[in-house]
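In the two complexes that follow, chain A is the common piece, with chain B as its partner first and chain C second.
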Partner chain A sequence: MSTFLDHLLNGLLLGGIFALIAVGYSLVYGIIKLINFAHGEVAMFGAFFAFFIFSMFDVDGDLKDHPWIYVLAMVVSIFVTMGLGWLLEFLAYRPLRKASRLSALITAIGASLLLQYLAAVIWSPSVVSFEAPEVFYYELFSVMDGDVLFEVKHLVVFMLVSFCLTLLWWVVEKTRMGKAMRACSQDADAAALMGININRVVAFTFIFGSAMAALSGVLYGLHLEQVRYNMGIQIGIVAFAAAVLGGIGSIPGAVLGGFVIGFTQAMASGYLSDLGDFIGHPLNSGYTEAVAFMIMILCLIVKPNGLLGKGDADRA
Partner chain B sequence: MRQYLFVLIALVTLCFSAPAQEKETIKIAVCGPFTGGGADFGRMIAKGVDLKVKEINAAGGINGQKVEWEQLDDASDPNQASTIAQKAADNNKYCSVIGHFNSTCSLAAKPIYRRAGIVSLSPGSTNVDVCQGSDWFFRNLYRDDFQGQYVASYIAKILKLKKVAVIYDNDDYGKGLKNHFKNEAKNLGLELVAEEAYNRDGNLDFNGIVTKIKSKKPDIVFVSGLYSEAAKIAKLLGRKKVKAGVIGGDGVFSPKFIELAKDAAEGTFIITPYVNDVSSSSKIAEFSKKFKAANKGEEPDAWAALSYDAMGTLAQVIAKVGTDRKAIRQGLAAIRSENEAYDGVTGLTYFDKNGDCVKPAIVATVTDGKFAKAKKQLSGSVEEDGHAGHNHGDHDGHDHGDHTGHDHGEKKQGNGLLILIGIIAVVILILVIKKPKS
Partner chain C sequence: MKRNNINYVLGAILIFPLVVCLLWPTFNQTIDIDNFFGYGKFSYQFTANNFMTIGSYAIIFIVAALGLNVQVGYTGQLNLGYVAFMAVGGYSAALFQDANRELYQNHPFIGICLSLLMAIFFSGLVGLLVCLPTIKLRGDYFAIVTFGFAEVVRQVIKNEEVLRGSIGIKELFLFPKEHVDWINNHFFSLFLNEDMEAAFKPDPWINYGFFLLLTVIVICFVTYLRDSHYGRMLFAIRDNETAAESCGISLSMGKIYASVISAVIGGVAGYMMVMRTSLAHPDSFVFMVSIYALCCLVLGGIGSVRGAVVGAIILMSLGEVLRDVLTAMPKQEGEPLIPSEARFIMFGLVLILMMRFRPNGISTLENDTLRLAKKEKTKGWSKYFQMGDTDESS
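== the complex of A and B ==
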């Protein structure tokens, strides 16, 4: 039981992190029908910007005793990554707005590789340490005789994720920009005729998505306590799967998909070997990702538009 | 026509004048992971080779010819490894290859080197099959069957622990080492309480695995993988308050492990072919001094030392037989006994009929943020046992063991797979039947 709770807690944490990235995929797809494959790399850059701040302040090696540096790094990283997201849209996608969707998709893959190797050249072609502050692991309360620890880490991640998702909901539903975004996603040409500046809306979408990706990248880095230049692919693919599972283009769907994938991954890494013993086939946590994607495929067979997707014939 | 003649004459003069200026350089390709999760191995390999090449050139080169090396990056990825192997093999300027590091890369590159006929000397691949079936592949360290036995004996006989949890990398190295460890663990009566795997680029989060292992309460966790994942595991074991030590194979042996795991690295045991223990021999002390001087005080690790020796071995052979690819292979294969061996910092390098090498293992442990030789080593007799077995190749015995193990697995697999296929078939059937109605 205690093990199950531990896996559940981990699943929720991973789910929140994936959800933040998955909404970025969904937002962009909803508006310009582009699968932004470089989005995972944007999250990775977010983590590396924070790493850059750490390495600037970490002169005595006692970084983990100064939580305020982490807050600073997080904020700076979010703002710089917003700039990166805008730059990506401006340089890579805007010139191709009128080109075929395939060209834009290929460009996205190219941008993803470019960002990956850029990070390898700028920072490190290897793994870098991304140590979490000590306060991150303070115990808030524990259940089951201290077997399951609810730490500050969980609280921080849950608070930040719910804050971001609420902010996203508020922006999309309650602001003028949100209205413009919704209008663009329904019919971009008509929206332009009504006087909406499409370029501004798209740029805003990228910037907003990148901010959330940056936060997610930093949180994921702190969770793993390591970051590397090619982690963007892994987290990007998982988050993309989450967005598709939830129904790409749908924001609540992306959030739901993120949590479903996170939960499945956590459970799979914990219980696959037991399942393997049960059916007599050597299974183990190495198949975690396969299980997550199998769940996605099964869901899509039953509901081809994703869990919360609308019945839209024109799917990529 | 006269113009053509002029050009021709110019070309011919050029051809003849070029070699006259200076003797051709000897070029060697160094293939390894210079980016990616194993980049720190590659960094050390490059430094080790570079140091030896500089020494050789400072002493006037090999028979008056200068040596040059070029790095080709396989990023620990078997696909990329075969691409660069082809590149190295096709390029006639390379007379031989040092590499690859990851066993899975070596296995991918092996057939390419064999077809092209170029020698590859690996300073890091320990998978049993790496040198088999190819006359062109050599290595200068021990194999995983030896290493796996060694880890099991160390846990059972020196640490005297009982319950072991294994976490292995799902590639040729991690899996092979785990299987050999498992066989020996069974013989020694160790209890395997958990066995979990991960994919290097797929599973980034180890919380699930460590939680699972925590519930099985092991005495020690054996990581059959590379340093970056081992660091994550060591750290998480501490975070989740699991009271179990960590023991790792040579894949964990990198200064980066300590850098990543920090305090959690303390007390970790690591089996390695080389420890930079300057008190043990004057050769190591001298190498360590030179390496530190060339690299701003950084200490060499096993991979730097093995690459340094690999380059030395090749240089010795090339000095004797020249730069012909085939001659180099004959030269290396001729090093068959201790008398003919290359005497380097990692001990004597000589090969058996496969191209495998016989070298002892050492247990290192992390104390005060540094690798040091563990106080208690496996006693001489056990080491000799493993040694002797290894020396003979012991292929028949091992292959036999492997096969029986495999058969078991396949039998089990058959049942499980049938059930799995059955479940999937039922699901698909339900979906197909349901579909038209909805």
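== the complex of A and C ==
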């Protein structure tokens, strides 16, 4: 029971991180019908920016017990990554707004590769350790006689994720820009005829999505205590699977999908070997990654509109 | 055989000796820079071995790009998991050889034919299996499903004990060592001078010859497919699915043909890849391999056979030379100045810039598919079905 609770807590943590990225995929897809393959790389860059700023201050290696430096690094990284997201949209995707969807997708793959190996060249092609502050692991309370610890880490992630999702809900539902975003996702041409500046809306979407991706990347890096140039594609694809599962284009769907995928991954890492014993074929923990892909493939084949998505003739 | 098919065959056969002749003066020449931008010594040598690596990679990716072209260029389905077919082909041949090593040692020709058949059969089967549930998916959704499928395949070959997991299957061979040595001693020493012999002797030439033969067969087959009525069916599906269906073309059959053919060619490419390195390992079938093949296509022009060949040769040579140059860079505290991964930036740039500025490829020649469309207009069955006035201006 205690291990189950442990996995549940871990799943919620991962789910929150995935949901923040999945929302970015869904926002962009809803407006310009583009699978932004480079979104995971934006998250990875966010983590690297935070690492870079932190290591700039942390020359002597004694700042691990100064959580404010981490907060500063995170905030600066979010702003820099917003710039990166805008640059990506402006340089790579905007010229192709009128081109076919496949060429935009190929450009997105190219941008993903470019950012990935740019990070490898700028920082390092191997794993970089990014240690979390000690306050991250302070125990808040424990259940089951101390077997399951609820740490500050969990509290921080849950608070930041819920803050971001509330902010997103507020922006999309209550502001003028959100109204424009909804209009564009319904019919971009009609929205343009009504005087909405599509380019501004798309740029805003990219910037907003990049900010959330950066936050999520930093949290993921701190959770794993390392950053790596190819972590973007791993986390990005899992988050994309989440967005597809929830119904791509739908924001509540992306959040739901994120939590479902995070939960499933945590459970898979815990119980895959038991499942292997049950079916009589050894399944080692290496299959954890494959689980998200399996869910995504099954979802696209069986129910392409996802859990909460609306119908779209192009998908199936 | 049509005239332009013969051109392709001759071109494919002649291009490698031609490139050897052109590059011959640069072999074993060393570039030495004592003080490279103030960082240290830079020393780079282009050897015959480098050339053979480039040549064999180029051949493998010509085949892979042509196979991918059947699905992406002809049928219009973007497949991002092409490496799965290569992995299946390579692994089935490797497993078969690993189980029957005696046979390969004693009867290499039977062995090669059998393992090639294995690669073709199993990759074709997987192509069919991937295609069946995804027939109704379009555009980017198909791309994502194939991508996910390739990742699942990689996880399976990485984790299954039967497939040797992360150790891989080692010590595979195409022709046994005695045959390789015999050919090198008796055949190549006839027309190679001593310099060249020393440079090229260690390479299993007969393997490369066999790869070249396979490549030529694939080029001929793909060209034939493009000009046949199956090819026209695929083009029709690519251009407009609804219109194609209303003309009596079965979408599902067309997509199954395309997927199986493309998978079979991918299986051959994977087979060549495994046999070249004599090792079947999950790390040689990563997502980047699919992207390599896609890059070759994009560079040469999606849908064009010529383009795929030219794109593969250009990109593979650039990639290999860049890697060697980057590793030759001066080192600082054991770390290279620029990690050799930097060469992948080039692939990303190729994709972005080509899509932005030349979506039809670098070639200034007419796209192969366009030429076909024009020919159809003047002769063949289409003249019977012209409706109203033909709109020449568009």
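We adopt the following convention: the second predicted complex is superposed on the first by the 307 of 316 C-alpha atoms of A that agree within 3 Å, B and C clash if a C-alpha of one lies under 4 Å from a C-alpha of the other, contacts with A are read in each partner's own complex, and residues count from 1 in each chain.
Assume a residue touches a chain if its C-beta (ideal position, glycine included) is under 8 Å from a C-beta of that chain, and two chains touch if they have at least 3 such contacts.
Nothing here was measured: the structure is a model prediction, and the numbers come from that model.
Could you check whether chain B and chain C clash or fit when both are placed on chain A?
These partners clash in the superposed model.
Name the contact category of A:L140: first (chain B only), second (chain C only), both, or neither.
Neither chain B nor chain C is touched by A:L140.
Looking at A:Q265, would you say it contacts chain B, chain C, both, or neither? Reply first, second, both or neither.
It touches chain B, and chain C stays clear.
Examine A:E289 and indicate which partner it touches, taking first as chain B and second as chain C; both and neither are also allowed.
After superposition on chain A, A:E289 lies in contact with both partners, chain B and chain C.
For A:G276, using the defined touch cut-off, is the partner it touches chain B, chain C, both, or neither? Pick first, second, both or neither.
first
Regarding the shared-chain residue A:M159, is it in contact with chain B (first), chain C (second), both, or neither?
Neither partner.
So, A:V71: does it touch chain B (first), chain C (second), both, or neither?
A:V71: touches no partner chain.
If you stack the two complexes on chain A, which partner ends up touching A:M194: first (chain B), second (chain C), both, or neither?
Touch partners of A:M194: none, neither chain B nor chain C.
May I ask you to decide whether A:I301 touches chain B, chain C, both, or neither, giving the answer as first, second, both or neither?
both
For A:P125, is the partner it touches chain B (first), chain C (second), both, or none of the two (neither)?
So A:P125 meets both chain B and chain C here.
Based on the superposition described at the top, state which of 5-13, 41-49 or 149-157 belonging to chain C clashes with chain B.
41-49
Which positions of chain A sit in both the chain B and the chain C interface?
Overlap of chain B and chain C footprints on chain A: residues 120, 124-125, 229, 233, 282-284, 286, 289, 301.
Sort out for me which residues of chain B touch chain A in the complex.
34-40, 43, 170, 194-199, 201-205, 207-209, 211-212, 214-215, 228, 231-232, 235, 239-241, 256, 259-260, 262, 409, 412-413, 415-417, 419-420, 427, 431
For a test of understanding, state which residues of chain C touch chain A in their complex under the given definition.
Within the complex, chain C contacts chain A at residues 76, 78, 80, 133-134, 136-141, 143-145, 147-149, 151-152, 155-156, 158-159, 161, 287, 291, 294, 298, 338-339, 341-342, 344-345, 347-352, 355-356, 359.
Going by the contact rule at the top, pick out the chain A residues touching chain C in the complex.
35, 92, 95-96, 99, 101-107, 109-118, 120-121, 124-125, 229, 233, 237, 240-241, 244, 282-284, 286-287, 289-290, 293-294, 296-297, 300-301, 304, 314-316
In the complex of these two chains, what residues of chain A are touching chain B?
2-3, 6-7, 10, 14, 120, 124-127, 129, 131, 137, 146-147, 149, 220, 223-226, 228-231, 233-235, 265-270, 273, 276, 279-286, 288-289, 298, 301-302
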